[in-house]
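Notes follow the structure.
All chains are identified by letter, namely A, B, C and D, in their written order; residue positions are counted from 1 within each chain.
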């Protein structure tokens, strides 16, 4: 039922954009916690989009890693800091301008790439088909080098983070 | 009944799914209510007490022998408890952050109930598979949903705007994130062995090759202990340790909102028990009896499978309750130490060893 | 009530002797050397040889006693004050025998037929001699006391649980301090009559009596009514009235105070309240101009009894029965408890104090000079009269007070039945003769000159300003304690406080300025008059002072010539004499 | 008072696996479970039906007692009222004409005797101070009422609850002694 799926796609895409917008600029609340919660909702909607693409593994990992772990840690930090000052802070006009510019740039890139993209047929797109095994093969056979580089990058970041927290190690 | 066969497949699927969702939801809710009763009864017995034995509805007078016995067992206590929760004053302190305060109990319950969706609690009844959604990434789905359960507790602490709930929620969050990692890693060897993330496939594998608990005892132990931590049960109930934190993250809650936290905790216990049964105890299968090891060929067998599954689950529930009175509460640093420095390395080692064994012997 | 023929000398205030060159002698009490005068005033104030008991008191040693009372003749019959003593030994050459260290050798008094046993002497009646040593705490003295107490308790019923005296009973106190735990007396006690009706106010319990005869001596020698005596012999000795039931002079209740045990009890106070519950407040009797000093016994806002408080300048240790029993009106149920104001439609409505003071201030401010009159009572305190005087001066008002007279007696009761007539005169609210202005005020009202009348504590309808005159007034501001015809006609009624409910000072008929303290709270909204008068004076004159009664008194002392130089703190519990 | 620091004995590897603790816990809990379920050794008392046996000397609610002849023992001495720490006792005295005693020679009896059971702390001071052995802490421990007024027990109720006390009848003995002394020469009243 392609119509059905399309309906879901537009609904989820719309919600993703709305939640994303509310994350950055919420007219009702300036609480960082609220922003973080909208970011969680954005991530959940994106997971829904992955599901529509039959990328179940990605959807699950998206929720597990981003919503379940990363955002919780975000919230954790926000809650522990005293953010009363941030709630009162005025909007910096220069920052808004710069942010707008970069948003425009990203939007341009996106539009350009969408225009350039050649629509593929439904069957051809189902290479991975959500199969974990297929994804694994893709990662460890054809994309082994970038994957490993990323792993090293993550490791470096982790070691760095630990070094920063342990001040007396210096 | 014949009319069903004339419906198109989609309508059939929607109908049966709705039916299954309804039944499973009802069963889980009942199970939660009675888990509370079992908890109270077993706790009482372990402590040389009697436990609830008073609640008797009006019709009990018409049941001569069985009635008083049921009353003595406290069979009607959950109904009374539920009624009490509904009728109690719902108190909202005026300093709370209202939106999050109201949201938190709901966010706690929903993931706990959603997890049940992918559990194959029986083989099949007729041609219908006894699982609501037979996802091929079932286990990942479960972990993903469970990880969302943290939000309920975080927001409860944040929304209550009060120090005990806040400290409780912080502890809880750290504890749950930590043990999620150990839990997730502990099950990877199972996937290496079964070569699938689908829970039905895992059960099928166990029916053929024997229960996973025998092949992966270490993974089972880690998973079991991690699930204690994930469900905030003793000996890891630090988020609500009443001697330090009054009531932890639900200190400020009352009436139905408190009942939802309660419900969420027990629903989580049920989900954990179901996961353990599925992953390590062969789900609905029974070894040595072929009729029970294969998908059901008749309606009766189908029900027997469901019965077997529930029996195994009940066993784990009793374990959850029993352990509560066996061990004292862990200290927070001990808890973290156990999670990060014992279980994660052990789980990693287990993965490596399993992978090596599979690589060496299977080819 | 028979008029007692008392010796006039009794109440002559014993003036603190103007230190004539008194001859002294040295005695040693419990090893402590003291100089004591050779003679001291006896119960009538005449000089008499100093006794061992008085000498010990000067040395700061209290010798227990029952029958002795410094305002009664000495009887020496209770034997409680027995003490061991010694005198310097005299040689045959009439020279003191000295010890080796040069101190005089003392010969302890011993029984002549039993030289090993000390012989005591009753301290209340034995005069001292130079060099005498008194052993008030020696073992022999203690033994004597023990034996005396044991003897006194032989027939005592030990019904302290019922006895009204429990808690202020000398027999109880001395038994605890000096008595023995058990008695050698195993025989049946002699049972004597209980609850004998001696007179209209006195009940006698003969079993409890220790026959000290204080009551007999008081009645005969002070009250001058020889109504009591001892009848029968031996163990059957009992106190009895000459004519049973007719022990009824106006001073009978003093025998209750005098009785060291619970034999004589007041019918009024009988079985009413245990004494240990009573809060004791220093106060004054307001029944006549004598101003006897009293102690008010109250519990939880209820007054239970008055007792005389010793003040040699006024009443000695006595007071009359009529004054003593005149306390019930303070707690009467019909006390004025509400601030009432007559509204435009003629109905009286309760208002707040603030509103009442505002309207009183308005009435007095708007009244033209000379259109106001004040009738104040000689039962108000000096402080209140002082504030009223300020109001009267401010409004140019006519003022007067009401005389109240009765039959005097020769002991305490004064002809003037107002407690503060001299205060009224000294502050200038009335002339020497009260009632001089009352007729003028009545005339003024009748002629319509006086439109506002302020009445404090009096019923003016009884003194010629009848209801028909009151009806002609524009405003009638009344403050009183109990309802009467005037309070019924008041357009503004301010409930006041009885003397037991406030602090203040009175000046008695002899010019003694005395102060009294607050014992209980005023009922309902009633407030001490000086508190609201202070606010009223502030509203009218703008004088913002007198926040406390002390401050008010001190202010008054600077403005009223008779009180010049006085301060509240200076007026002790027994008062000071002012020039009248 | 010096503090002695006791060294913790190092745990063996076996102990560090928590296994002995878990097994020990299992053993203890299983034993109690079996005791309760199979032997019925429960410590719970089914309260309204089963009642606790109140031991001697228990300090329950204070009540007034009567003597063997059914006479009120209290003579309204008010010592209990004085000593009562929470001021739960309130005695109305009989007053001057107060020969309200229901037995001869004691002269005095309280007109009203109230104990506010909401205030009472069951300390037993009243019993200890009573010179007449007229008030005793008895065995009532569950005192309930529908309102505050009903928790103030008056003399009638206290006497009814208190029952009879078999003690020395002091006032009766005194009366009999006095009656025996017929020789006393003065007519009593």
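Here is the rule we go by: contacts are C-beta pairs under 8 Å (C-beta built on N, C-alpha and C of every residue); 3 or more make two chains touch, one makes a residue touch a chain.
All of these numbers come straight from a predicted model, not from anything done at the bench.
Trainee: In terms of C-beta pairs in contact, which of B-D and C-D ranks higher?
Mentor: Looking at contacts between chains, C-D has the larger number.
Trainee: Going by C-alpha centres, which chain would you call the most central?
Mentor: Taking the mean of all protein C-alpha atoms as reference, the closest chain is D.
Trainee: Using CA atom averages as chain centres, what separation in Å is found between chain A and chain C?
Mentor: Here chain A and chain C have centroids separated by 95 Å.
Trainee: Nearest whole angstrom, what separates the Cα centre of chain B from the Cα centre of chain D?
Mentor: Their C-alpha centroids are separated by 52 Å.
Trainee: Just curious, how far off is chain D from chain C if you go by their C-alpha centres, in Å?
Mentor: Measuring from centre to centre gives 44 Å for this pair.
Trainee: Can you check how far apart chain B and chain C are, centre to centre, with Cα atoms defining each centre and the answer in Å?
Mentor: Computed from C-alpha means, the inter-chain centre distance equals 86 Å.
Trainee: When you check chain A against every other chain, which residues touch at least two of them?
Mentor: Not one residue in chain A touches at least two other chains.
Trainee: On chain C, where are the residues touching two or more other chains?
Mentor: None at all.
Trainee: Graph shape for the chains shown, where an edge means the two chains touch. Line, ring, star, complete, or other?
Mentor: line
Trainee: According to the definition already given, which pairs of chains are in contact?
Mentor: Between chains, contact exists in these pairs: A-B, B-D, C-D.
Trainee: Show which residues of chain B lie in contact with chain D when the two form their complex.
Mentor: Spelled out, the residues of chain B in touch with chain D are 42, 44-50, 322-323, 325-327.
Trainee: Tell me, which parts of chain C touch chain D in their complex?
Mentor: Touch list, chain C to chain D: 157, 159-162, 166, 188-197, 206, 231-232, 236, 238, 240, 267-274, 276-277.
Trainee: Can you check the complex and tell me which residues of chain B touch chain A?
Mentor: Listed in rising order, the residues are 10, 100, 135-137, 140-141, 143-148, 150-151, 154-155, 157-158, 166, 170, 173-174, 177, 180, 184, 195, 197.
Trainee: Please name which positions on chain A make contact with chain B in the complex.
Mentor: Contact set of chain A toward chain B: 1, 33, 37, 40, 47, 56-57, 59-61, 63-64, 67-69, 72-73, 75-76, 79-80, 130-133.
Trainee: Which residues of chain D touch chain C in their complex?
Mentor: Residue list for chain D touching chain C: 75-79, 81-82, 93-96, 98, 105-108, 131-132, 174, 177-178, 180-181, 184-189.
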